[in-house]
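Below you'll find the structure I mean.
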Amino acid sequence: MVDILNALVAFTNFVIIPASAYGAQLAIGALGVTLIYGILRFSNFAHGETMAFGTMVVLLVTGLFQSWGISLGPLPTALLALPFGILGASALVLFTDRTVYKFYRRVKAAPVMLVIVSMGVMFMMNGIIRMIVGTDDRRFADGERFIIRARDFKEMTGLSEGLALRTTQVLTIVVAIATVALLFWFLNKTRTGKSMRAYSDNEDLALLSGINPERVVMITWLVVAALATVAGTLYGLDKSFKPFVYMQLLLPIFASAIVGGLGSPIGAIAGGFVIAFSEVTITYAFKKVVTYLGPEGWRPDGLVQLLSTDYKFAVSFAILIIVLLFKPTGLFKGKSV
Amino acid sequence: MTMSRTPIYFAIMACLIIGVGIFESWNNALFILNFGLISAIMALGVNLQWGYAGLFNVGVVGFVALGGLSVVLTSVSPVGEAWAAGGMRILISLLLAVGFIAGAIIGWSRIPKNLPRGLITAVWLIIGFFSFRALFDPAVAAIEAVNPAQTGFLGGLGLPVLLAWAVGGLMAAGVGWLIGKTALGLRSDYLAIATLGIGEIIIAVLKNEDWLSRGVKNVNGLPRPVPYEIDLQQSETFVGWMERLGADPVTGSTIFVKLLYAVLFLSVIILIVTLMQLALNSPWGRMMRAIRDNETAAEAMGKDVTARHLQIFVLGAAICGIAGAMMTTLDGQLTPASYQPLRFTFLVWVMVIVGGSGNNWGAVLGGMFIWFLWVEVEPISIFLVNTLTAGMDATHPIREGLLDRVAYLRPLTMGLILLLVLRFSPHGLLPEK
Amino acid sequence: MSFLSATNMTGGYGAGPDILHDLELSVDKGEIAVIVGPNGAGKSTGMKAVFGMLNLREGAVKLDGTDITGLSPQERVHKGMGFVPQVRNIFPTMSVRENLEMGAFIRDDDFEPTIEQVYELFPAVYEKRNQNAGELSGGQRQQVAVGRALMTQPKLLMLDEPTAGVSPIVMDELFDRIIEVAKTGISILMVEQNARQALEIADKGYVLVQGRNAYTDTGEALLADPEVRRTFLGG
């Protein structure tokens, strides 16, 4: 019995908690991709860099606050800096939209053209970020590191397996829930949010109804900048800030959005968790869990790991391919165009 | 108009490279030329897919890396001990994996629909996965234990290195076929994301499967299709030539070797461009362009658009694979960690767009020109910074800061060029006729 | 002078060839006008010209005495025109109620009474108000589409083949609803394939041939005209 509990704790500690946090980060990232797809109708390859840019501003402002001695006590100072990150990312995407994307909307360019354009934007943002902060790995999480320490948990429960709950993990979930609730309230209850959905649903009819497309596009960019900054900051707090990582996140984020159904916000959230849980479960070494569950005194030879963590991209990719083959519109019906 | 533009642009390109030769060094100039030629071939591959069929491949880096791997697999001598340790087991386990997957695909279509075929297939695949791992893992461990500092991998077949160029093409074509079969016929964004994923996976395999590629330990000292500088310097005939030219035999030998490579690469380019021009002016090529310009109409006329796209996607992937093999041959080593998507996927895209999508000469020109910029942006910027801050102290923070950041100008400039060309000259330097 | 009077309309799409030649359309207050004619006669094009979706080289469109020839479709909505496109005329992933709200997007005043009116006019819309419009049947969707256009409280409602692809029973139901709408004082201009049934409810009918007015009369008179019957109504 105790062994089963221990196995459960190990599984929670190494799979459920990290995957939930990662899933929330992916979900918020995928929401940004899916909103751009729904409103501007292209896959934005620069989304990873937008996340990196927003996070970079958060990181810099956090540093500034720390040097002034401002802090949030047990919570990371980065939370205070978050609004500034969102402002920075908003300014960046609005500037990009004005100078780059607007032209292609006007000439009604094919969506694939916009994808290539977004690749150029990605290149430039990449260069700008590196020019500002370089390529170093930076940690900017401060405050209390743990909510529950593994050692305390062991003492508390008397189990041999510890359960650690980091502040950033809980924070990720809380912020993610708040963000998603706010987003859905905005999309479903406000006039502006509804007009965005209307535009995404049927552009011509939205125009006929007097919805101003440029305003919808602008609001979308603002929302996307906020989502990207939140996702990037949560990821950076949970792990660390490395500019190149955000480009690598592009694949799992796209996979989440597509698996859920491109253009569908609910789908993006579901997709994020599907991808995160598959990735973490498949790359987790189950040795500990199996040892607890197996007969007394027996332990497996190997790590009991389905796939090495180096292949976590392969997991997103495999799920993506399976969905593309069997349900091309995604779990929640996305756009078929 | 375009007819007269082509030679002018190529002449300017030649002047740029000669300029490097005069102002920097001839070694540098030839370095730029050789890598430029290889980049041109990559651009030809992407141009085939994008310019002639509108297919959006974001996994170029993967195909290039496969070409690199082919050089190791073809030309390195086999490591007998490693083969004895687990070579056969690896081969059998891989065959087993392929067998299980093929079984799943056949089973999926054969199992009657009233049975839970999803479940059956899943169970079958899980059994397959574990049997594969049971055989594969110990074999890998055995191979990687064989003299890990020097080998620790299976090696290759010990065949002439030039053969690897063809093998690289074939390997890339094979993978291209697999992706194409899955993602073509779906939306264009899906192909892009599928290729992005496969690119990442190929790189991950190269980095982590030490038994195959030695992973991040790199494979050095790959065989060369041209003589070694050191041998030339010791050859009396060669030293004699150099004396007659009044050149230093050491510099002369490095330049001579690079020139030999350039000749090899040029012949490949000429071969590929000739074949492509012939193909594209044939009925097949005209049909391709008809499909690209109006897919719906072509489909209505009874053309199997997806099948045509598959052909062209596979061909384009093969060309990228060939280029990758050539590049690894020129490098003389396989360094899996060097395959960065920014450098090999996105940069190649800039080459195609800037050169002029749909025009083979444009792709060649774009490949060489953008490579030239990629290499020269840094020295030019350093020069500019130094000139602009000439009045400042060498350790002045602004000057130091600027110099520190010069390295990141590359992605910035490339992105800017891509955006400017797309916006103001979407047909590129040499537009499609 | 009629409430809507479009006179002398000549033009086509973009820089393309002329599709309409000296076309005239007019509708009086609370009247139902129907445009019928063979395929390719320019029926929908004529209506789109009234709505400003076409480049007119000549001619003028006047609504309630004001010249609106130079206005964009959006501006015409502000002036009191409502338009129901033939296809893609709803927001499929939004609820029926939200569809109506989007119809009222340009209004700053309280539009709840208008929603109530639409619910009264179309009981089916009321029943399905919380369902996504994309999940509705063809006839119900058309009702939602008409309801959406009514939300701006237009003085002229234009319908582009509202009964395309619906069953005869649903068609009758839709026509009944349209008569109801007209009774509230809204003028209706409608393009129809089902010429006979449409002319039966029409106060005025326009038969178009190759972008020109061929016959214009009351619906009743056109139905009685042997020449029109033989040529356009299949005997």
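Worth a mention:
In order of appearance the chains are A, B and C, and numbering begins at 1 in each one.
We adopt the following convention: a residue touches a chain if its C-beta (ideal position, glycine included) is under 8 Å from a C-beta of that chain, and two chains touch if they have at least 3 such contacts.
Bear in mind the structure is a predicted one, so any value in this text is a computation, not a measurement.
Chain contacts in this assembly form an open path, with each chain touching only its neighbours along a single line.
Geometrically, the chain at the heart of the complex, using CA-atom means, is A. Placing every chain at the mean of its C-alpha atoms, the farthest one from chain A is found to be C. Separation between the centroids of chain A and chain B, computed from CA atoms only, is 31 Å.
Remark: chain B and chain C have CA centroids separated by 58 Å (rounded to whole angstrom).
Chain centres here are Cα averages; for chain A and chain C they lie 47 Å apart.
Within chain C, contacts with two or more other chains are made by no residue at all.
On the side of chain C, the complex with chain A involves touching residues 73-74, 77-78, 83, 85, 88-94, 98, 101-103, 105-106, 148, 152. Those residues of chain A that touch chain B in the shared complex are 42-43, 45, 100, 103, 111-113, 115-117, 119-128, 130-131, 134, 247-248, 250-251, 254-255, 258, 262, 302, 306, 308, 310-311, 313-314, 316-317, 320-321, 324-325, 328, 337.
In the complex of the two chains, the chain B residues touching chain A come out as 54, 56, 58, 129, 137, 182-183, 186-190, 192-194, 196-198, 200-201, 204, 207-208, 341-342, 346, 349-350, 353, 404-405, 407-416, 418-419, 422-423. Across the complex, chain A meets chain C through its residues 191, 194-195, 197-198, 201-202, 204-211.
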